[in-house]
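For reference, chains read A, B, C, D, E and F in written order, and residue numbers begin at 1 within each chain.
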Amino acid sequence: MWIYEKKLEYPINIKCKNIQMAKYIITQFGGPDGELSAAIRYLSQRYTMPTGKSKALLTDIGTEELAHVEMISAMVYQLLKDATPEELKKAGLGSHYAQHGHALFPSDAHGVPWTAAYIGVLGDPIVDLNEDLAAEQKARATYEHLIRLTDDPDIIDPLRFLREREVVHYQRFGEALMDVYDYKDSKKFY
Amino acid sequence: MWIYEKKLEYPINIKCKNIQMAKYIITQFGGPDGELSAAIRYLSQRYTMPTGKSKALLTDIGTEELAHVEMISAMVYQLLKDATPEELKKAGLGSHYAQHGHALFPSDAHGVPWTAAYIGVLGDPIVDLNEDLAAEQKARATYEHLIRLTDDPDIIDPLRFLREREVVHYQRFGEALMDVYDYKDSKKFY
Amino acid sequence: MWIYEKKLEYPINIKCKNIQMAKYIITQFGGPDGELSAAIRYLSQRYTMPTGKSKALLTDIGTEELAHVEMISAMVYQLLKDATPEELKKAGLGSHYAQHGHALFPSDAHGVPWTAAYIGVLGDPIVDLNEDLAAEQKARATYEHLIRLTDDPDIIDPLRFLREREVVHYQRFGEALMDVYDYKDSKKFY
Amino acid sequence: MWIYEKKLEYPINIKCKNIQMAKYIITQFGGPDGELSAAIRYLSQRYTMPTGKSKALLTDIGTEELAHVEMISAMVYQLLKDATPEELKKAGLGSHYAQHGHALFPSDAHGVPWTAAYIGVLGDPIVDLNEDLAAEQKARATYEHLIRLTDDPDIIDPLRFLREREVVHYQRFGEALMDVYDYKDSKKFY
Amino acid sequence: MWIYEKKLEYPINIKCKNIQMAKYIITQFGGPDGELSAAIRYLSQRYTMPTGKSKALLTDIGTEELAHVEMISAMVYQLLKDATPEELKKAGLGSHYAQHGHALFPSDAHGVPWTAAYIGVLGDPIVDLNEDLAAEQKARATYEHLIRLTDDPDIIDPLRFLREREVVHYQRFGEALMDVYDYKDSKKFY
Amino acid sequence: MWIYEKKLEYPINIKCKNIQMAKYIITQFGGPDGELSAAIRYLSQRYTMPTGKSKALLTDIGTEELAHVEMISAMVYQLLKDATPEELKKAGLGSHYAQHGHALFPSDAHGVPWTAAYIGVLGDPIVDLNEDLAAEQKARATYEHLIRLTDDPDIIDPLRFLREREVVHYQRFGEALMDVYDYKDSKKFY
């Protein structure tokens, strides 16, 4: 189970409304390679991992991805907060306003609702860790695209932090893969 | 952000493999009225709630629903754990085994992947709390259906616990709705 | 069965082409909280209602929602009718034109096709009526968002009418819920 | 708008519970080539038809398809009505019961929710009528498959009636296509 | 099996970047009536065709549709190639860039991922050929919409070629339908 | 473009009807980790690969995956060919028969239609090749699950062949990744 701690993993303080960036950043909430995909993927996969270490790693990273969902949500919320319907319309978020007002909805940047079809859970630890390595790479690339779409340092700074975390997770999944291979080898010999 | 505590909100100890029940219970993981729907719905809605009390309530219940996702996951995992491919086939989970082995995947009981189309986030606190009241009722009915599909007390006991929690949440959302109405009234007069 | 009467429940006479509003209003045709969702939800739920009164109410309101589908369709059709491809492009409906020309398609305002995942039918009358109360609230909020996106009285007038009908339906579903509770109580005693 | 008349287009009186057939027949409610697809397709397409005759035909047939949705719903309801959870489980509807109890839900026979992706509305009358001709053929073939899956005359009889209606609609759409070609020719010459 | 020949069925040489047209043309890659729908539809249907001629025709046209997928892909790629993030943003492709960079993804013009729900495979040759006739008409209309959205001859020329191919396929499916009717008649008499 | 050669990449000669295995194997046609996912993924990604070698590799493997779609289709077709409706019903394919007769449809083993949400195309060569490495692992695991669900050597033999091909592709994608890293390094220095 989880205990909520009322703080963000990394601070979000966006001073300038930027509606269009909200539209793009939402993909890291409910898009194919976003933080919700990551959290649900890892927290689903952990049950069939063979070692305590790999189970713990997926739980840890899955839990951190929930914190990233929260960071992305805070960003989108701050970017949209005081926008008038007219401003939302002009920035191409009239459709979002019609359906969700100023609220957050787990969709991609086109408004397509999140689907579990985005994630793979095969029950084979080597396969699932390969899925995770790819997932971290895809999330990293999406953050790089988002960073190139703006020049506001208040937006870029947390996106960079999140991008860095994907790189760290990629490395840790690589280590977990080694751990699982070792475990499989040890089972063969003894 | 969240801190993971390595225990279940309520213990799951299923002694008899029951593959078919795993197939049905999975709907409370990734089905329309399951725990994942609940968690994502409440954690998305909280940003546009008008009072500290309603924001906190959605955060608390959303966090508890994550713990329920974990309980349902533990149930499905225990129910499927040592099943052979032949047993899975006979119990109607051959399709699940082909695609996911012994792992968990966030789908409904028919194998349809979870989609955010199941949840409503409109950004109006009265509307969103009505959505939540309905959601708790739907989750309750699903637990009642599941309880009637088995006579194993190891399965029924945690399902009853989860059913009870939905009733409590329903009451708390009712109180939050009153709180929001009071807030709106107070704003009109002062 | 139904008999078609060749008139709209409420007149639609839009004098000024407004392509962008067509894009937003379409969500009340094929979006999550639109009239098609309402009609199909109520007409599906009526079979498992326990009293003649609740069955009849769902049939009546379901039938009226079909008339609302028709009103929304007429609005979208009038808003788009003589638009050139160039005008559609400029107003952000180039994608719609490429796929559907000047026709109507049951999608939301982002172009996502309608899915039955939007509606809940649980077969328990108390649960289903709670779903319906929430649905009417969500439809109401969507109409309010749409009204704030325009200042054309020809558009606002029918949207207001439709908004009012949702409020009436909400009240009638509340009464039906009382009726079902009474019926359940009466069954306990006799 | 529509007026509801409290009778079925053709009587449904199923005397023997047949849970498995309910599972298959549901595809003509919420499956790709079912009656809901038909009704929504025709009622959406009518706006961009060029002649009064073709507009009226689509309205008429669309209205009749709503009556067919109701007939299919009545069949599924009668086939499932008094089934116990145990019986539903044995017949392969345990998943349906978990999620929907004894109620109807607009899905296909696999439990996949209906989606507007099943229908085509292109706004060109010749194209849309070709879509309709194909739709009637697909519905006909589905009814033939369903008829071959049972030998209960109470089920076969209304399925045959519905199959016949598809054949009639196919012919009428063929005539409408001729009408539209004539109209186009007449426009070229005068 | 297939052998790849490194040339396009028809040359694509787009000299002017046109980001917005890329957004629209993508629907003929991954939209409802696009070339991917066509290829998968025909290559799936061929197994249950009754004559060598109809099987061969579906294989041939299905194979040609793969070449059309490639032509459309080349068009979208050339239209997007050197666009900066800023240009993509201005032309309404910021969402695409966030999720896919400069790459192609099989979605419609709204960004909705391709789904097999778009195609019909019923296993009855007359029905499936009717589906194919309608499909060719829908593809033709989409090409006509696309042609009206631009005046660049480098774009119009290959779209016209593709439109012409749909007309030819329509005729060939009509002939195949005759062939299947003849085969059915011959089976009745001998 | 592609030229069709009328032979399978590897022979399929299934002597015993096995309806249930058809239901499972279909996931390698239209399921998340099946051959259609693979073909469309690679053929979409190739445009944004930076070197001739990586472009050619994705074209080659994408083309081979089309041949695998064909092999899987032939397997499903042979497994289902002469099954009566009654047999299909008993083996749990009554739903398939109702909707598709004896035909093939690109769905997963639960009947969920294929969706492009299964594939990732990010436009960054390193990311896309990581996606491909994961995809090959997932396909391999699915083949291993399928092999464990049967003991018919006529089925196992082609599944083993296909499984082997995934391993080879995995290795070749690893090499392509090295090639792309080399290319990136070379660009840094000169």
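Keep this in mind: contacts are C-beta pairs under 8 Å (C-beta built on N, C-alpha and C of every residue); 3 or more make two chains touch, one makes a residue touch a chain.
As the structure is a prediction and not an experimental result, all values here were calculated from the model.
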Intersection of the contact lists for subunit B and subunit F: A, D
Subunit A onto subunit E, rotation angle from CA fit, given as a multiple of 5 degrees: 120
Geometric centre distance via CA averages, subunit D-subunit A, whole Å: 41
Between subunit E and subunit D, distance of the C-alpha-averaged centres to the nearest whole Å: 28
Centroid spacing, where centroids are CA-atom means, of subunit A and subunit C in whole angstrom: 34
Residues of subunit C touching at least two other chains: 32-33, 92, 99, 101, 107, 110-113, 115, 117, 122-124, 141-142
All chain pairs that touch each other: A-B, A-C, A-E, A-F, B-C, B-D, B-F, C-D, C-E, D-E, D-F, E-F
Interfacial residue positions of subunit B with respect to subunit F in the complex: 85, 89, 92, 94-99, 101, 107, 110-113
Subunit F residues touching subunit A - in the complex, by the definition given at the top: 32-33, 115, 117-118, 120, 122-124, 126-127, 130-131, 133-135, 137-138, 140-142, 144
Residues on subunit B engaged by subunit D in the complex (per definition of touch): 20, 23-25, 27, 31-33, 92, 108-112, 141-142, 145-146, 148-149
Touching residues (chain side subunit D, partner subunit C) in the complex: 1-9, 30, 36, 40, 43-45, 47-48, 59-60, 63, 66-67, 69-70, 73-74, 77, 99-107, 113-117, 119, 121-124, 128
